[in-house]
Amino acid sequence: MYRSAVAARLLRGVAAIHNGSGSLSSLHRSRRFAHSLPFATVDAEELSGDRPAEVQNLVQGKWGGSSSWNTIVDPLNGEPFIRVAEVDEKGIKPFVESLSKCPKHGLHNPFKSPERYLLYGNISSKVGHMLSLPKVSDFFARLIQRVSPKSYQQALAEVQVTQKFFENFSGDQVRFLARSFGVPGNHLGQQSNGFRWPYGPVAIITPFNFPLEIPVLQLMGALYMGNKPLLKVDSKVSIVMEQMMRLLHYCGLPEEDVDFINSDGKTMNKILMEANPRMTLFTGSSRVAEKLAVDLNGRVKLEDAGFDWKILGPDVCEADYVAWVCDQDAYACSGQKCSAQSILFMHENWAATPLLSKLKELAERRKLEDLTVGPVLTVTTEAMLDHVNKLLNIPGAKLLFGGKALENHSIPSIYGAVKPTAVYVPLEEILKAGNYELVTKEVFGPFQVVTEYKESQLSMVLEALERMHAHLTAAVVSNDVLFLQARLLHI
Amino acid sequence: MYRSAVAARLLRGVAAIHNGSGSLSSLHRSRRFAHSLPFATVDAEELSGDRPAEVQNLVQGKWGGSSSWNTIVDPLNGEPFIRVAEVDEKGIKPFVESLSKCPKHGLHNPFKSPERYLLYGNISSKVGHMLSLPKVSDFFARLIQRVSPKSYQQALAEVQVTQKFFENFSGDQVRFLARSFGVPGNHLGQQSNGFRWPYGPVAIITPFNFPLEIPVLQLMGALYMGNKPLLKVDSKVSIVMEQMMRLLHYCGLPEEDVDFINSDGKTMNKILMEANPRMTLFTGSSRVAEKLAVDLNGRVKLEDAGFDWKILGPDVCEADYVAWVCDQDAYACSGQKCSAQSILFMHENWAATPLLSKLKELAERRKLEDLTVGPVLTVTTEAMLDHVNKLLNIPGAKLLFGGKALENHSIPSIYGAVKPTAVYVPLEEILKAGNYELVTKEVFGPFQVVTEYKESQLSMVLEALERMHAHLTAAVVSNDVLFLQARLLHI
Amino acid sequence: MYRSAVAARLLRGVAAIHNGSGSLSSLHRSRRFAHSLPFATVDAEELSGDRPAEVQNLVQGKWGGSSSWNTIVDPLNGEPFIRVAEVDEKGIKPFVESLSKCPKHGLHNPFKSPERYLLYGNISSKVGHMLSLPKVSDFFARLIQRVSPKSYQQALAEVQVTQKFFENFSGDQVRFLARSFGVPGNHLGQQSNGFRWPYGPVAIITPFNFPLEIPVLQLMGALYMGNKPLLKVDSKVSIVMEQMMRLLHYCGLPEEDVDFINSDGKTMNKILMEANPRMTLFTGSSRVAEKLAVDLNGRVKLEDAGFDWKILGPDVCEADYVAWVCDQDAYACSGQKCSAQSILFMHENWAATPLLSKLKELAERRKLEDLTVGPVLTVTTEAMLDHVNKLLNIPGAKLLFGGKALENHSIPSIYGAVKPTAVYVPLEEILKAGNYELVTKEVFGPFQVVTEYKESQLSMVLEALERMHAHLTAAVVSNDVLFLQARLLHI
Amino acid sequence: MYRSAVAARLLRGVAAIHNGSGSLSSLHRSRRFAHSLPFATVDAEELSGDRPAEVQNLVQGKWGGSSSWNTIVDPLNGEPFIRVAEVDEKGIKPFVESLSKCPKHGLHNPFKSPERYLLYGNISSKVGHMLSLPKVSDFFARLIQRVSPKSYQQALAEVQVTQKFFENFSGDQVRFLARSFGVPGNHLGQQSNGFRWPYGPVAIITPFNFPLEIPVLQLMGALYMGNKPLLKVDSKVSIVMEQMMRLLHYCGLPEEDVDFINSDGKTMNKILMEANPRMTLFTGSSRVAEKLAVDLNGRVKLEDAGFDWKILGPDVCEADYVAWVCDQDAYACSGQKCSAQSILFMHENWAATPLLSKLKELAERRKLEDLTVGPVLTVTTEAMLDHVNKLLNIPGAKLLFGGKALENHSIPSIYGAVKPTAVYVPLEEILKAGNYELVTKEVFGPFQVVTEYKESQLSMVLEALERMHAHLTAAVVSNDVLFLQARLLHI
């Protein structure tokens, strides 16, 4: 239902530097920012190797550090700029206890503490209002940019979607969500009722690419219906959600309602096995997801991504607008949206238009300075260029644009840095057994495949789509109603 | 929500001949048809001046005649072929008593007799099945044709819509309709609940043009939710619903749940004033509706009709199909549907196509033999031709086809009998103050106005539409999404 | 659905004093309050005979006065403290034109200007936030108290319900309200769709007793779905809504979306006849409602009140709490809620409890100083005491408490001023033909009837309820599920 | 949502006897029953060792045998009475091909072949009607009894629930299920739509205990929304569903819409791995479920059972009725419902009532002759008695009734045969670490644990419930609203 993320790569430990102290300086910093934003303990602009920020854990209503610290490097220059207090196996006890204390009927339900539905409506109104204030939305947008590089516009959009979400659950809307139903029974005094019931203790694990939107939407949904969540966000970006937790408390969230943890995957797995939450919601790589499904006996819900496609139909219109949309869908957030366009099927009628040249122009306008293109957090430059080269070996394939590393940057080599890239591959080749897997391999970066189809080849396009396993988003660009209904679905 | 009727002209007493006897022969007839359809007391084919049928009243679970009888003439030949037992003011007491006995909380509700929701699910399953049997659907289709002349296909369609309605409320669907909801309250033990509650005693008054579909849908909807209805159908066609009542009883309807009455309007008004039902649903002419609204202090829901339009957009396509649809919409049931097309706005691009000649061809194929055109029950031939002539006096107006009385028929002169007719009137003339009222006068017969608009005249079309008071149906024929959105609504 | 009002007595012209000027001073005042509340043009505390406030009209986006002024007197001391610019028949043209300009498809709909759904979500978020600020809620609560005297708690509750309403329609909730549906059709390319469509031009007329809540909820509901409303609030209290209109503009409401008018009933009627809005929503007295229903050909929705009852079941529990609820339901807002408790049926088991003495104690604690009892705006002292005396003439009737005029006050004699009153009438007497009408006469003031029933008399209670025409609210106080289901509904 | 089953024990190969022929005799039998039920190929009464029935497979629209046959023994006397054509690994190709042919957009969807929604409405009406005929419902009830022994009343109830399900999806209800929604977008021409979309190829695997209801409800739900299912029912009972498939075809189900397979678990697993359905719905044992979850990468939905409880509150009432319900919930279908009551917590107030003696009386009235108690298909007599004895070793435990093998029967020893049994265990003992696992072990047979709690021990009851992992059903018997809300949930 909601935007979900692709490749959390939960277990990656990037340049971790252990460090046992830190609580004093963190206290110091808390005070320092108190004058500007009453909830914040960091300054989004000042994070740097010289003034590293610290991210804490929250359990049983108390913020705290840990015995080991993980250091995150600035994706734009490699400086160690955030220290994350990571819980290790020795520190899991309070988290296990906290989850276990929550009963199966949750913190509230339609029969228990109904006033908490109103409380959450109030919290949502307040947070929605706070996020509507420019200095607060700017704070979060900048903080997102620092750890998950994307353009200011994209980062701000993430904050605004989050703001709208809170507004949507203002007032009585949380209790309306808990609406039950009744149906008359077979005889006097009998009635069938359906209630919206919590799981009780739950866990939420979220990835790096939308550091605010994904955890907030999943966390609040769980809280609204009476669950007690343990939240873990990818440590590379968890500073964003740590600050949001402080805003939530400021707006009235009871401090014991959520636990917030930083840890490596192995430790988190141990907590889940011991605390045994009644549901775990995991957004991220399918490799981790499969392991979780087995370990948790299926008590897990997975949000994943896919290889997403777009078809341009035979009716050419508004080429400028179509080019703009295609550029955004493929390269915004450097292609690190789970819904990013991975392949474009273009009807031959578009060949005569300036669409491709416009696409190229838009892609080349993207630059590191404003983060309209930026570091790729889960694929290296080498791996992406290698993929491009393999595709170019396919007969008839050609590079449309990009295909080179970014220049003049200080992005650390553990991250990827390439120009927005498109490779043309002939449709007949895509369908060949040897090529199909290669062409449809998902690359979580600024990369797409483009192909063209003739009127007579529509069935080949459909076959290509049919063979894809998952596609979170898909689009058909055509004003011709009959094209979609009679042709796409009925050939 | 459902198809509704236009011009019931409830109070018309057509060729009424009083006759005080009749119960014996009715009993006789009951027996005679028992072998063919177990519920029926008449034979749809055999109704005639020689063998007139009788229609009874039902009150407090008992069928019966009355002291006065209204004779209905065959719309195709003027023979008196149905005798309706009409209740007069001296006979209203049992009807008033029966309604008054029903409490405001109805015959059932979510707290009372919930097993009756299941009973009605069962009745619906059974009636749905009965109507799916060819000999039963044929019986009702033919009976409809005898009293409300329309083609067999149109009459059968009415039966089938009714059948689907019963199927839709089979099984548990009636109790699902009574679904309630609950929302958590402000504190422990508090909850807001919404229940679907009956009115209790209600009245339903329906017109001549859909003798089965309109009363069945309105009656069953009322019964499902626990109301006790008094049903009155236009006497000209009430034989259809009288037979349906017998089918309902055969399928398990408790005999005291509905009262069925034949009477003139004045008597019905007296019953409503005395029994004071908590809601009256009236389908029919706006003149009667307005009187009822005053008499019943607003405790009335009205279903009326209107002057319905269709616009053909600039994108010409499938002219044959469009012609077929326009012909059906204007002339099926001899234009006596409340949703019949009254005016057609045609973009100039259609002028070059054979649309108008095809329309003419289709209209002229209609004939009395198969009732694809037939008697008009509420407007005389003279009145319709007079209206045509007035329109033809408008500068630029011309007769496209029709405009003459039917020939070689025995339709009694109290009814109308004209050929399917279309009159072209220039758009500029339609908008003139003197003409607008005339052009948009609703004629409940096989008649439509056609006009044409140029690309530059779209705003005049919109002005014409804007000035119409009511339109139950409206259509825009265009595959061009932008035509509707950007042009029709935003000029 | 929402709380609605009983007795608007729209046409009452109280002490009208005409005055042709006023725009200058109004401008002056605007400036004066700009420092405290940026939208307000009056100060709720300072309204007085010395410093009367002015209420303007809004049409086609412009605020303005009128050629005649109606002066409102302070209900607590009779001083002329508000001057209302009332439009007379010569001034109606701009209002008629403004309504007529709005097309039948409204200012927006699912196909037109969908961005306006978001605009209204934003407006709602902002107004919700403004009303959550203590100085704003206090401003409206005090302003309500000045014109429709009720306790501060009751007035503040009205503001808070209004605030919640805005919060409920924050963010995307307005467009969710415009959710459409589609059902697959019979064959390829066919689909049935249902859209939520506006009426276009509409009128809203609201009463005196909830000067903020009723007009806001009705106005915003109309605006959300794309209608253009003309709003008229009872002039005695229209200052509250006039200030709310200014807050709405401050929060982004386009100034041409709503027209706001002050006038007498005759003028309003003339506007409705000329502008012919497609729907009028009227909350108020049934006398006016019936006239409107006729004049507007049924294009009117009515919200009225009724004679509301409460039954105490046989299981006595929590007598203190029950007494508190009964006192609030009967006497809060001096009984001028449309849902005010008018009669209390008490099971004999309660006779042995201190319920009645507690009721008396609570009623006698109410005092004019804090407006827990106050002026009655539509019934005079004399009329209420006369009604009490008539009831006391019924055999066995007795005064439980109250029954006297308030003392030591300066409430003007056009308003009523009596102590909270309860009269006991024996159940057998209530049912007698001569008494029933008298006992169940609605008195829109601090007055209720109390009676008692024995176990064996439950059927008499039910008969009494059955004979009442309308009851907006009703309550059964019992934890015994079987009492309600098996006994109340099935005797 | 619907009743689901517990312990399919899919892979059990009971007394399998291979036999390569059979198609001729099956053809012969088809003819023989044609005169009585037009769809049936077996006679429920005549199945026996002498006249064994045959169960076929259906793939790509054709019924057929297989190279190997599995013989099912009569659970009441051990005679081999059904021969099931089981597909082995060599025969899977047509099933894999058939599933693979179905595209991801299914056999129909809101844009493709919408007439199929109506087709399924029609099929449902017809099957619902057929099942309402006594000879058809009797046929299925008896057939169920032969393979999954339960009382006639219980077997007939299964048929009737199935009938109601079909009635619920009669008429237009299937297309109503495919209702879509739309929400206005951000700007002109934009709209968010939600459609109900099929998975395309799917698999359904169902257990032995409800041989008709579970597969029909799951199969039809999948078909309605456009999926193409491969259905596999536990071979011990698949004859019931094989006959139902023939009834479905008779009522209009296209023969290529469903494939029906008999096989062992290993073969089915291979088909799933090769055909790769987009979703598999599995009802049965958690052991198999966990393997499937891993093999199918989580593309599986599981329906399982649990250890179900009932609490009797402090307010004693209607002991006879409560005893009857407890007896039904624990012992109907010989305790082989997934929702069967496994433990009863009785408030001390019930100790003084005849509840336990009535429970005993009702249990002892159950007898093999009418199958009110019968064979247990997944637990042997020895295993059940062994469990009873282990419980009786707990201090304070005692046998309330049962605890012995059935006598004078010919149930084969591979099945279980014990009297309805109840063991009392003291509450304190249940909570002890050593005992808890034993007491809450699910036994899929006519067995329950009973315990008692004092007013002061309610928290111990809650702790016991909290520690249970899953409970499909749970009941609190009390008319005291406060007991549930204030005490059960808030201690």
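Just so it is clear, A, B, C and D label the chains in written order, and each chain counts residues from 1 on its own.
What we mean here is this: contacts are C-beta pairs under 8 Å (C-beta built on N, C-alpha and C of every residue); 3 or more make two chains touch, one makes a residue touch a chain.
Chain by chain, the UniProt names read as follows: A, B, C, D = Aldehyde dehydrogenase domain-containing protein.
Since the model is a prediction, treat every value here as computed from it, not as a measurement.
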| query | Comparing centres built from CA atoms, which chain ends up most distant from chain C? | reply | D
| said: Please tell me whether the contact surfaces of chain A and chain C are same or different in residue numbering, using the over-half criterion. | reply: same
| query | Any idea how many Å lie between the Cα centroids of chain C and chain D? | reply | 56
| said: Need the CA-centroid distance for the pair chain A / chain C, whole Å please. | reply: 48
| Averaged-CA centre spacing for the pair chain D and chain A, given as whole angstrom | 40
| task | List, in ascending order, every residue of chain A touching at least 2 other chains. | result | 112, 172, 176, 188, 481-482, 485, 490
| request: Flag every residue of chain D that touches chain A in the complex, lowest number first. | output: 103-105, 109, 111-112, 286, 289-290, 293-294, 297-298, 302, 465-466, 484-485, 489-490
| Residues of chain B defined as touching chain D within the complex | 121, 125, 128-129, 132, 163-168, 170-173, 176, 188-189, 481-482, 485-486
| Which of the residues in chain B come into contact with chain A in the complex? | 110, 112-115, 117-118, 172, 175-176, 178-188, 190-191, 193, 479-482
